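We call the chains A, B, C and D, going by the order they appear; numbering starts again at 1 in every chain.
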Amino acid sequence: MTELRFVNNMTVELVRSMGDDKSIIQAAQVSVVGGNDGEGAKDPERFLSYLMRWRHGSPFESTAMTFRIQVPIAIAREWMRHRIGWSYNEVSGRYKVLEPVFYVPDHDRPLVNVGTSAKPELAAGDGTQEAVMLVNLNSTYGYAWSAYESMIHAGIANEVARFALPVGTMTEFYATCNARSLMAFLALRTSDAGMSHPQYEIEEAAHMLEKEFANLFPATYAAFVKHGRVAP
Amino acid sequence: MTELRFVNNMTVELVRSMGDDKSIIQAAQVSVVGGNDGEGAKDPERFLSYLMRWRHGSPFESTAMTFRIQVPIAIAREWMRHRIGWSYNEVSGRYKVLEPVFYVPDHDRPLVNVGTSAKPELAAGDGTQEAVMLVNLNSTYGYAWSAYESMIHAGIANEVARFALPVGTMTEFYATCNARSLMAFLALRTSDAGMSHPQYEIEEAAHMLEKEFANLFPATYAAFVKHGRVAP
Amino acid sequence: MTELRFVNNMTVELVRSMGDDKSIIQAAQVSVVGGNDGEGAKDPERFLSYLMRWRHGSPFESTAMTFRIQVPIAIAREWMRHRIGWSYNEVSGRYKVLEPVFYVPDHDRPLVNVGTSAKPELAAGDGTQEAVMLVNLNSTYGYAWSAYESMIHAGIANEVARFALPVGTMTEFYATCNARSLMAFLALRTSDAGMSHPQYEIEEAAHMLEKEFANLFPATYAAFVKHGRVAP
Amino acid sequence: MTELRFVNNMTVELVRSMGDDKSIIQAAQVSVVGGNDGEGAKDPERFLSYLMRWRHGSPFESTAMTFRIQVPIAIAREWMRHRIGWSYNEVSGRYKVLEPVFYVPDHDRPLVNVGTSAKPELAAGDGTQEAVMLVNLNSTYGYAWSAYESMIHAGIANEVARFALPVGTMTEFYATCNARSLMAFLALRTSDAGMSHPQYEIEEAAHMLEKEFANLFPATYAAFVKHGRVAP
């Protein structure tokens, strides 16, 4: 039998990007100066802060970023609910036999909901709870994978056999977005502004995305943080 | 322990709709006659066929339909890749404890891929294959549900426990679309025109959608079929 | 020569709609109760306010409204910058000879910018300014229409002759949107929340849209106003 | 009085781009090989042709291009009807006083519609028609600009004065798209495949766009042409 791999981390890797803070300013300035250099070039941070403050969102769309992402299926499902300004290509469980890689939360992952069901607020579990989780996830992953393999070996099509695989199975996809759609993602998938209560795993992934974004567009990122982490 | 339910059928139920063939004609005619009655009113079928033939797509967007849909998670994932002109609200595995309802293909479902991996073409399995599928899916669903329940009972949050649940678990969602985005779905998710090789289950659901669509917009539907089942 | 018509008002007419406050609640509740009646049914206003407050936007997309709109071309251009959740069908200056109907602001329309160029703030003009505007707009409309007609009469194609027509020419279009995309429009195209500085004409049209919206979805509308007129 | 400029050409200038044929292949291959190099790398042209042939559209979205575009307002209006995968920032007639640059078709531009109104088919005009067009467009532009300037000089706000300006006035905008949305534009805005009857000017601009696209993505472009110039 194939050996299973259990992972407790996700991957968000920048593949390529287009544009920087200056491209956003350039796109915004066409409105007021017809393509020539204007005010924005003198004090880029102030200009970007102005755009963010007054919700002039379209200039932030004149950029692009492609990421390679590895997360559990349950998290990919949340991610792909973002439709506007996001494009996806994902590993297909129909076209290929999937890999036995499964997500198991690590020790730091809070396990108990001390909030309400509508607004989950998670706190650390005790040792027993961690043990219950580990034994149940690991054994279910093992059981499901063994069933999947049996079906594949019996000649059953990938697309049927995969019904057995848990949503904790790791998946991989390419995602292309722009600075505006990325900020909309951060606004909903991080809890930093106190507005959202995202699942732990997608927030962890969002913070990796945020780090790449801050590197590529430092002044835009600063303006985003300054104005309450709301997408313009 | 909770009793599991195994189902082999999906649900696509029309909740409400807006518009009919005439509304599409009315929207299209504003282009040529400025809102008054024109040619289209005299021969609706011919007019709609003309719009379809020459890919005048936007008038078909002046309509709306909301459906309540029950399919396995794996199929919901394919469905929600449709971003344009589709809105979704789905049962949340974070906000509630899910129901133990699982998808098991029935006897008619072809089990063996006799095509290539990139273009799957499914044929009937033999008795052994069907038995292998049944025993593996059913037992994995049972095992996973039991693990899920154990974690829930131990006080572990829904969002963590759900990692154990297979993508064959049934989910439920509301989907709102328009005649154009619905036709784009049919073009990709049915094999009737020989262009697509959709998974059996999503094609079955697509045919239920198609039936409702044909009822609501008979002349539009006839034009869609006549012109090769390509969305305008 | 054809007689010109000068108008100082716009039209926003509801053609048809789908859904009400309850449909939004129904779509939202599938997340937590799997399609059955739940909390929301007991206190609809509170539930909708909750959705709005915490930016749960997707349930508001399970609705639809179609409007017939008559505004000057310059305003139609601003309107059609709204891409997400909006569909359009407009009178075509290629397919038909346009009507000689032109927009002339009425006495109430503020004429002078006392703000900055980036954030226009308009105040009333004096009598001279109003006269200058009236004579210049009216005579240009007359001149342009006469040139347009001469070209049409000489057998020149509509699509060429129309280059002469001013952006003050009235146009007509059908627009289909949903409660969420309509609120996004109101957030940007009204100044009520102090965030936007829209052009007078589009704000006037937005207020007509708002009135229809408030009639169709009273509790949703109340929640929108209560939470700062920001689209969820 | 300011001197007017009459132009008979448009501008489509590539500002920056992301990705190439290989990026599209890379995104597509994640589906079948989980991110590693696969078949596609060996014969890129055949692989891209396969994607195009079977309408696997999403990999083409993992790219981006920003263009600076100068066209008459009437053509910008047609352009901005493309909502999906297109972002725009345009010169604002509210925030600035516009430039007196106007579009006048050159000698090659066909002037007479010999098709139907719904499917215009343009043929060359005679000398008289060309003269009628030139005198009427030029004089209307002059009249309208003079009215515009008078209003501006009288202190009337930009946003009011601009109602006088014809849709033949040149405008400028930045547009960001991806390979898929660009191909959808070419499919509708060129007549090469016999499916569309676009206006002469937007087809001219589309061909400039096409040239840049063919340079950046030669194998993708070849596949687009080979499979009937239909967007995947």
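The rule is short, and it goes like this: contacts are C-beta pairs under 8 Å (C-beta built on N, C-alpha and C of every residue); 3 or more make two chains touch, one makes a residue touch a chain.
Quick caveat, the model's predicted, so the values are computed rather than measured.
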Contact-richer chain pair [A-B vs B-C]: A-B
Recurring contact interface, reference B-D, options A-C, C-D or A-D [over half identical by residue number]: A-C
Between subunit A and subunit C, centroid-to-centroid distance (C-alpha), Å: 35
Distance between chain centroids, defined by C-alpha means - subunit A, subunit B (Å): 25
Cα-centroid distance, subunit B relative to subunit C, in whole angstrom: 33
Multi-chain contact sites of subunit A, meaning residues that touch two or more partners: 32, 58, 81, 84, 88, 95-96, 117-118
Topology of the chain contact graph, where touching chains are joined (line, ring, star, complete, other): complete
Partner subunit B, residues of subunit C touching it in the complex: 15-19, 23, 26-28, 30-35, 58-59, 61-64, 66, 68, 87-92, 95-96, 99, 172-174, 176, 178
Complex contacts: residues of subunit A adjacent to subunit C: 32, 50, 54-55, 58, 81, 84, 117-119, 188, 195-196
In the complex, subunit B residues that touch subunit A: 72-74, 77, 80-81, 83-84, 86, 88, 93-96, 103, 105, 109-113, 117-118, 120, 122, 125, 128-129, 132-133, 136-137, 139-141, 143-144, 147-148, 150-151, 154-169, 199-200
